[in-house]
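Each of the two complexes below includes chain A, the first together with chain B, the second together with chain C.
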Partner chain A sequence: MAAPLTLTVNLVARFPNSVSADARPGYSGFIVTKESLTEVATAIRDEFGYDLLTAVIAVDYINENKMEVVYHAYKTTGGPGLVFKVQVERVDPIEVPSLVEIWAGADFQEREAWDLHGIKFIGHPDLRRILMWEGFDGHPLRKDWKEAFYEEDTKPFKSRWPDGQFYMAESKNPFKDNINFPKDFDPDTLIVDKEEDLYSSLERHSTKDDDGLKTDHIVVNMGPHHPSTHGVLRVALTLDGETIVGLKPVMGYLHRNHDKIGERNTYLQIIPYTDRLDYFNSMSNNFGYAITVEKLMKIAVAERAEYIRVIMAELTRIQNHLVFAGTLLNDLGAMYTPSIYAFEERELILDIFEEVSGARMMCNYFRFGGVVRDIPDHVMQKIKDLVFERLPAKTDEMERFLNENEILVARLKGVHVLSAEDAVRYSVTGPVLRAAGVPYDIRRADPYSVYDRFDFDVAVRYNCDMLDNYLIRFDEIRQSIRILEQAIKQIPQGPINSQKPAYQVRVPAGEAYGRVESPKGELGFYIISNGKPNPWRYHVRPASFVNMTALEKMCLGTKIADFIALLGMLDIVMGELDR
Partner chain B sequence: MENETINSPGYDIPDDIKNNIAVTTIDRLYNWGRRSSVWPLMFGLACCAIEMIAAQTARYDMSRFGMEVMRPTPRQADMLLVSGTVTKKMLPSIVRLYNQMPEPKYVVAMGACASSGGPFKEGYNVVAGIDKFLPVDVYIPGCPPTPQALIAGLIKLQEKIDKQSIRTAPWYSKMKDPNYVPMPILGPDLIDVRRNAEIRDAAATKESA
Partner chain C sequence: MFGKGILKGLSVTWKRFWDTYLEDISWMLRGKKRYYTEEGIKHRSSADTKGIFTIQYPEEQLILPEEARYLPFLVYNVDAEGKKEVLCTSCGICAKVCPPQCIWIVRSNDPVTGRPVPEPTEFYIDGDICMNCGFCAEYCPFDAIKMDHDFAIASYGRNVLNMEKLLKPSSYYEGIRPQNFAREEEARKAKEAAKAAKAEAAASAAPTA
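Coming up: the complex of A and B.
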């Protein structure tokens, strides 16, 4: 996590008056003054070469009366990241300069910080709430904001433990439900928000074409209930004929308050919640969370467990990409048949997950220092059969059936997605970035676990079109199979956890940002511990959410039918997008 | 329903015509038709939706129960399968979809979240169970329920359909829209308009924070 020493000298030496090293025990990075944030950030991007801003995270230090915004920047050529922070006094209005001009990928993350922490980003082009609705009372991730079913700051709650009493949460709330209103609120006098801010942010006017035909732009709301939005995403579009001229995604329809619940939970209790982030890839989510907490605890992972983790994460990637191909073909009109092929393989992989962890989807399999159960011999045999026999053949079969299909090629080939420059500027990660010609894969760029021991290629394609975005998924499946073959051959015998099983782990005070290459892109976890059984701040940097920032850029000027395919191409999953 | 149950009305049928005619009640015939073609709304909320898709694929195959025809529009659907966490922001849309479905209509709460809020119950944007707004016919436990559990739940729904009668069915009564649910409103928090007076009183007596 710590930036290289030479760089530390550089940044402080470059800006002696406005940058200081973060000297709090357990912390790293730099603290930048609010006034010079834009200047320092420009230098970080242009002079030091950190072109990819991955995470913008707000933290509420209520005891020090401060709000902090933490930025994580990386180089797309690889290597460790640079962390810089800006601290402001916790008195409304809390104002921080926006970095959207420098890294366009900060857009949605800054809106999230405004929504959940109430930090105003000066200069942000469209600062509206993003996960909650306009008119919601308060900024829920502030430490002094209490939810309706609030009981205590941290779990385990005294009412449940050690005496084990039981009551309905509804009974303690004055409104007898999971709702909370300001004092003297009267629902009859409420003026309901008509989402005028959203619609006014869309470009909307009438045009006259060459023949003098006058046309109006029309507004279309796709979702939250729509068969091709991959869950409960809503997109407000303005159309000129069939061409998209304005687009704003509206999210939060599956905002399940992951961060707030995580702050109440103990470290171990969070693991099953991470399963439910990206519900296709629970093993990858566990992986990211486990390595972050291990980084904080400074513990090593048992050797055998490292290999088990890699095997599970790569199996997850294979089933994700197969299902991706199936659902994309669904969106293109090949209803169900490709999906049914994809789900056949997925079921076999889920069988393995079920045998090792007890659950098909929500595996809850990783523990700090290892995994919870060993792989039995007969399951190992199943994995071998899949990896050496079935999956390569089935991938070939899928490719043979689909890749040269005339309709598929006609729909995908040459439809531009994103150029490399734009992809980096919008903080896009994962297959979409690699299909734009940037060979950035965290497994290689900043290796975690034992990925540095395997021989594999970073899949990359250069045409930036939808066909490349589609084909790169199959390239990645082949690379995952390569990794799996090596991992199965090299896996040593031994214990599966370096720690004793414990309900409460001791996590020293400090901060840590851990990231993994999930099938959808960079999945990051940012945790601040203050030495207590619960994290002070727990934040997920979801790949789907940040990749959505580029949606508007991708879609303007395309036809609405291509938009459906583009949305499938981004491979979003709402559990992770909205958290 | 087995053919034997259709053709055993409790009347004596002469042996020589037993194979040629079927005597049954209108309820049985009507319910047999309805329970064998329950069309679900193509509507997924969260994790459970993935298991719902898995239940449709070759291994579990919901079409054995006549339930494979997912309808994207509520106007053609018979069953709302609430497959996942219901958030406050999403709830108005769900209620609208339910109101747009024609009678007879059924609601199945799939999984812990839709039944009670589940692991996310304490969240500030989570509705603690869809049954606070919609009348639920079948609850399916699990997080998420396996496809087998989903199918077991749908068989329970079929059993429920079997027990209904045209004479007492609410959708043939004179009542207009017997299951209409008023749309909730998003204000400072979620407002159930049926409870406006209650909310006003509680807010007036609330201790100021």
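Coming up: the complex of A and C.
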């Protein structure tokens, strides 16, 4: 299990007046005063070497009348992270200095904190709502905000048992009855024009024409839906001829406030909801959530279950990367054949998931302390057949099929994605970071579960172009197969859960941040427990969402024709991005 | 040579194109049917399948594994006189553990004794809210609620399932999940035997004490 975090760095000695250790029981890290936040953050990055800011999380402590912003910084060379927090009084306007200048990756996450918690980040260049729409009233993750069809603060709801007379929520709460309009508001005369902010934020990046020609930039709206049906995403672009000079993604079309749902749920009830984040990789999502709660509960995982978890997570990675290759080729115009080939192997892997967990995509397979059920013998045999024979052969075939194809190579080679420096600055994680030459993989950098027992290499490539971003996925598939081979050989017999099955778990008060290397990058879960059956704060740090911060940087100066491919490189999934 | 990569790639598609026909011919020579038979479907979803992969739904259907889960149903036993014996005791654990809170149970009290009646008076599952997670079946202490295999339930309205639609005989459960059923039966019998042994021991111990 992970060693106690952060106290290896003596931040208090460096800033005796503005930093204090977080002394609340179950908490760790440092509390920084608001005034000196930028100074301390700069020192953390430059003097202490924590160059990767992974998570910016707002927490509403309504009972203490406080708002807190929690930052998690890591070193790309590996090791545990550093947690620092800033606390402000919960009186509007709540203001915290922005860290975008220090870590550009804070951009979207600060916008999210503004959107959902209403914390103003002073100095943020473009502080607009990000997941909710412009004109939305209130900040939904505040504890005093209640959703439509609100019933109770926490599940289980009392109306369900023992006197559970069924009714449909919409019949009790018909449309219009659950909406508050401001005074003197007439919906019929409303003209929604909230796009001004978006377009003015694009303007910042316009270039001036110096050659005396009067030319206009064109604004192109791609989507919602087009880009390129990875999901409902909209991207507003400014073009100078064919060159992209401004870009803003507009998201939130699939937003359902996963965090709020989680705070209403009990700990166990959240597991099936995490399946629905990145619906390609429900096993990885389960994994991240389970290890976070286990950290809080301070329980060990059954030995056999650890191996089962690794097997499932690596199978997930293989099918994700195969589908990545398939859909990328779709994006590039090689319609269907590659993606259908990729889907064949995916089907076989999903068959395994269905046999062990009962569902192909929404697996709901992990429990605290282990997994739901053991792998039956005939399924184990199938996994062996796949891992030792079929998958290596099929990966070879896929490589033979595409990787030397001159058209594909001409299309991908030399198109710059991100330099190593930029990737770290923008908090990009996962294959995109590794293709930029930074060998940062959480399975190695900060090992969780039993990954420290396996012999594998962190896939890394150095050209930072699209071809490397594409090829690194195949490198990772090969490494995953290596891990699987070892895991299958080493898996011990024994129980599959260290705990007794219980529909309510006791989670001691405290905070925990758990993270796994999901196929798309760092997937983090931040949970604050106050000892009750439901978490006080539940936050997902999704890889897709944070990686999107770098999209603008990646695309500026490139041709519009490359945009869809560049977006494809990030391998986003809207279920996770919008959550 | 420019174009070598493309040719290499095309050789893969070429091979896969012929694979289907070669498979078909080899099955034919062995006198077996590759399509519309259980054996064929099983082979097409196994690790050494080659060539065409598609299952011609709805004429062909994938064989669901035992653990496959869809909507929940309630199990009842039929006793010797043909009377339905509902296993549910309306303890409410499924309603409490349900993540989207789609289970509604009415438990009533006996008018004479005033104590709760073990059998639920009403039981509803809102099938359109159910997320098929399987927690209700997993945590039910009486094996009274189980996940169904029937996935073709499209309808024009809301799928609100009441007792009448939810109740299915244990023979149906045995049919879709034979291994689980056998395991649970065994556990139940072992428990009953242990109980009987305990009662017997208590009875034989009583006179001496």
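A few comments on the model shown:
Here is the rule we use: the second predicted complex is superposed on the first by the 538 of 579 C-alpha atoms of A that agree within 3 Å, B and C clash if a C-alpha of one lies under 4 Å from a C-alpha of the other, contacts with A are read in each partner's own complex, and residues count from 1 in each chain.
The definition used in the following text is that contacts are C-beta pairs under 8 Å (C-beta built on N, C-alpha and C of every residue); 3 or more make two chains touch, one makes a residue touch a chain.
Everything numeric in this text was worked out from a predicted model, so none of it was measured.
Once chain A of one complex is fitted onto chain A of the other, the partner contacts of A:Asn281 are absent, as it touches neither chain B nor chain C.
In the superposition on chain A, contact is made by A:Trp133 with chain B only, not with chain C. Of the two partner chains placed by superposition, A:Ser427 touches none, neither chain B nor chain C. Contacts of A:Gln109 after superposition: neither chain B nor chain C is touched. Contact with both chain B and chain C is seen for A:Met362 once the two complexes are overlaid on the shared chain. Of the two partner chains, neither chain B nor chain C is touched by A:Ser544.
When the two complexes are overlaid on their common chain A, residue A:Leu190 makes contact with chain B while staying clear of chain C. When the two structures are aligned on the shared chain, A:Leu254 is found in touch with chain B, with no touch to chain C. Applying the stated contact rule after C-alpha superposition, one finds that A:Arg160 touches chain C and leaves chain B untouched. Touched by chain B in one complex and by chain C in the other are residues 272-273, 344, 347, 362 of chain A. Those residues of chain B that touch chain A in the shared complex are 42-47, 49-51, 53-54, 57-59, 72, 84-85, 87, 89-90, 93, 97, 117, 119-128, 132, 143-144, 146, 185-193, 196, 198-200, 202-209. Those residues of chain C that touch chain A in the shared complex are 2-6, 8-9, 11-13, 16, 45-48, 53, 64-69, 90, 92-93, 95-99, 101, 103-107, 116, 122, 124, 126, 131-135, 138-139, 147, 158, 160.
Chain A contributes residues 131-133, 135-137, 140, 147-151, 169-170, 174-188, 190, 192-193, 224-227, 231-232, 252-257, 260-261, 264, 272-273, 276, 279-280, 339-340, 343-344, 346-347, 360-362, 574-575 to its touches with chain B in the complex. Of all the residues in chain A, the ones that touch chain C in their complex are 155-157, 159-166, 168, 265-266, 268-273, 337, 341, 344, 347-348, 351, 354-359, 362, 364, 372-373, 382, 385-386, 389-390, 397, 400-409, 501, 503-504.
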